[in-house]
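The following block contains the structure, expressed as structure tokens.
Chain IDs A, B and C follow the sequence of writing; residue 1 opens each chain.
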Amino acid sequence: MMSNYVLQTKDLCYNYAKDVQTLFDINLQVPKGSIYGFIGPNGSGKTTTLSLLLGLMRMQKGSIRIFDKELKDDRINILKKIGALIENPSFYGHLTARENLEVYRNVYGVDKDRIEEVLQLVDLSDTGNKKARHFSLGMKQRLAIALALLPNPQLLILDEPTNGLDPNGIIELRELIKKLNQELHITIIISSHILAEVEKMVTHLGIIFKGKMLFQGTLHELHSFQHNQARLNLNTSDNAKAAKVLQAFSPEYTHESFSLAYSGMKQIAEINRTLMHNDIDVYLLQPKANNLEELFIDMTTRLS
Amino acid sequence: MNLAITFRSELLKTKRTSAFYLTVFGASFITLMELLEMLTTSDSVARLYPDPWQIYFRISLQMMIGMILPLYMILICTLLAQIEFRNNTWKQVFGSPQSEVAVFISKFLNLQFLIFSFILLNVIFLFLGAFLLNSIDPKLDLFHKYLDWQHLLTLLSKTFVCSLAISSIQFWMSLRFRNFILPLAIGFVLWFAGIMMTFEYKTISKEWYPYSYLMMIAFPGFEDKHSTLILNALILTFGFLIGGFWDFKRRKGKG
Amino acid sequence: MSLAITFRSELLKTKRTSAIYLTVLGALIVPAIKLDELLTVTEPLAKMYTYPWEFYYKNGLHIVMGLLLPFYMILMTTLLTQIEYRNNTWKQVFSSPQSEFMVFLGKFLSLQLLIVSFLLLNAVLLFVVILLVNVIDPQLGLMSQSFDWQHLIKTLGKTLLLSTTVSSIQFWMSLRFRNFILPLAIGITLWFVGLMFIFEYKTLSKEWFPYSYLMMLVFPDYAHLHGTLLLNALLFTGVFLLIGFFDFKRRKGKV
């Protein structure tokens, strides 16, 4: 039976040192035709996960299925259909853009025209004899993406591809990724530590933090998840007392911030009334900023 | 087929690196030194008169096989492996559809191809140098003098087989260490110990010390050991390639 | 004052690099081989040498001076400058409040410090080995023989002075070339040419070929040249440091 997922992992675990676990039971599900944003702060295990997906590191526990095949059974054939950019742009500084692609052309078994095609796609076709070492940061990144596109991949894995790009470069890359997805139907996994950067292009999201998956689903699901998690910032003349009388709204109270959970505007009014009844002056009563970035920071700081 | 593709990709990577210059200039070194000596001092050409080819090749090839070739191998092994380390491209290599064994063997073949070219170029340059000397001093009469082809070919083949042991050890070390100084320093020291063992000290059995092999092939006095050396060289090469590959596979991506 | 600061910063940069290991392990090689030799030969040690302290120099300090030290310098110089190249830190260095001159000098001084440590470590370890042998074979009677300290100090002093020539040339090349293979290959080739000059060829005047100097210090035939060598060495060092510095200043940031 063909599943709808291009890529699936099951209970993926990994540890670099004996007593330090880096990944805990990662279950990724990347649907066919999606742009999957893999989000998490630096050091949360994104690169480790992606490296495992490409077989760059030995799998310790769990399983990885790509194109409905076990990675460990048929790695070479699976890799033929994957384009990848892991961590830093990876190419040979002493070679030109064309020569760099030529190094891999036969490895992926594509013909010479493909080199011109991908160079055009990333707008590097007029770099001539310039060595890659002398490229600007943005050009280096685009060359790395050209290399990832070389095999006509069905799945594209991009690890922090916006690193080092200027705002214009980020917008161009975003357009390119959308185009690849819509016109060529390539499934794309893109990792980033900045949610806002990928929010505008992804269809699905996975949020990882400290080696654990916090959330996985569509963008829509994330929005409703966020809705259930809506919170209210407040500040009063006596926060400690306020926290006590508002026990029902699961208050979170530190000396820096004070927040309550709520659902619907009516509850805000109710909270205000309760405070007034108890002779507490209200200085601030404000729903938390309603964007994903806030949620992301929230999710990740609450666990740290 | 797969191996051919990966090998071609490896060859492409050495384009415009110093591997090519190192091979060509390194191979011309002995010839240039010989010419310098022969052309600037008065009696050195006359020394060749009695048996020009044999005397000429004996001095030159002793230097080439015993000293220049090991140094060249140590340098070129490090250079080849550093191409990936310096450019941070190991991940790309392993993320592409090539098996680890194809990558490993292709790199080793590429290395052997360069070493083989180096030996061949040395001999070609030496011949050119000899012809130049002959045209300057026709008394040498090289075209009518006996050249022991068979001996030359045997010597060169023995050299190549024995060199495999060093190149496979250096190959392993160069892939093992990200730091380029390590394989170089260890290689030089081992080579150096090889010289001392061959000429000065007698403690360890030389037949199992690969960095001495080439010197024992090049210099007289060890002819009785040559077949043992060749056999041992093959065994060691095989051993280090297997060990090297196992280590390479185990460590991939950690580079 | 600012030189002291730059020098300290240069020293810090070598922390946890292979510089320390290369120095310490490199200095162990000759003493270790020596110890092995002294412990495994069967004939009485006393018979091997005309006077007991001879073996401190022969196959000991002499090998260090003539062969190992040049190699060490070639490797170490490349290692030190590659720290900046590998980490892409030249721009940071030049944009910090240190004059180019201080950076250049600071680096050269930390190189010299390592070279001095290497030589002294060798000298000390050789003593340890010999005292150890004396304990095992008291018949040697080393303690009853006087040791010519003055000669040792003179030899070490001369060695250090002569070595500055090679190290300043290598220093210039290593700063000049981003590619680590170039200074290594050129250095080893020049060293090798120096070796051939001493033993094989007679064309060039050896007094003007710095890579031969250290070997000429070892062999008694050249004792009459030592004065000239020291003078030439200082001259060369001065010139190459100047060339090196101007080149360094001219090229800064182009790396």
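Just so we're on the same page, contacts are C-beta pairs under 8 Å (C-beta built on N, C-alpha and C of every residue); 3 or more make two chains touch, one makes a residue touch a chain.
For clarity, every value in this text was computed on a predicted model and none was experimentally measured.
Taken as a contact graph, with one node per protein chain and an edge wherever two chains touch, the assembly forms an open path, each chain linked only to its neighbours along a line. Central chain assignment: B. Criterion: smallest distance from chain C-alpha mean to the mean of all protein C-alpha atoms. Between the Cα centres of chain A and chain C there is a gap of 53 Å. Chain B and chain C have CA centres that are 27 Å apart.
Once the centre of each chain is set as its mean CA position, chain A and chain B turn out to be 49 Å apart. Shared interface positions of chain A, defined as residues touching 2 or more other chains, are absent.
By the touch criterion given at the top, residues 18, 22, 26, 29, 33, 36-37, 40-41, 59, 63, 67-68, 71, 75, 78-79, 82, 179-182, 184-185, 188-189, 192-193, 196, 200-203 of chain C touch chain B in their complex. Against chain C, the residues of chain B that register as touching in their complex are 18, 22, 26, 29, 33, 36-37, 40-41, 59, 63, 67-68, 71, 75, 78-79, 82, 179-182, 184-185, 188-189, 192-193, 196, 200-203. Against chain A, the residues of chain B that register as touching in their complex are 5-6, 8-9, 12-13, 15-17, 83, 86-89, 91-92, 94-99, 252-253. Interface of chain A with chain B (complex): residues 51, 54-57, 75-80, 82, 84, 86-88, 90-95, 99, 102-104, 106-109, 131, 147, 151.
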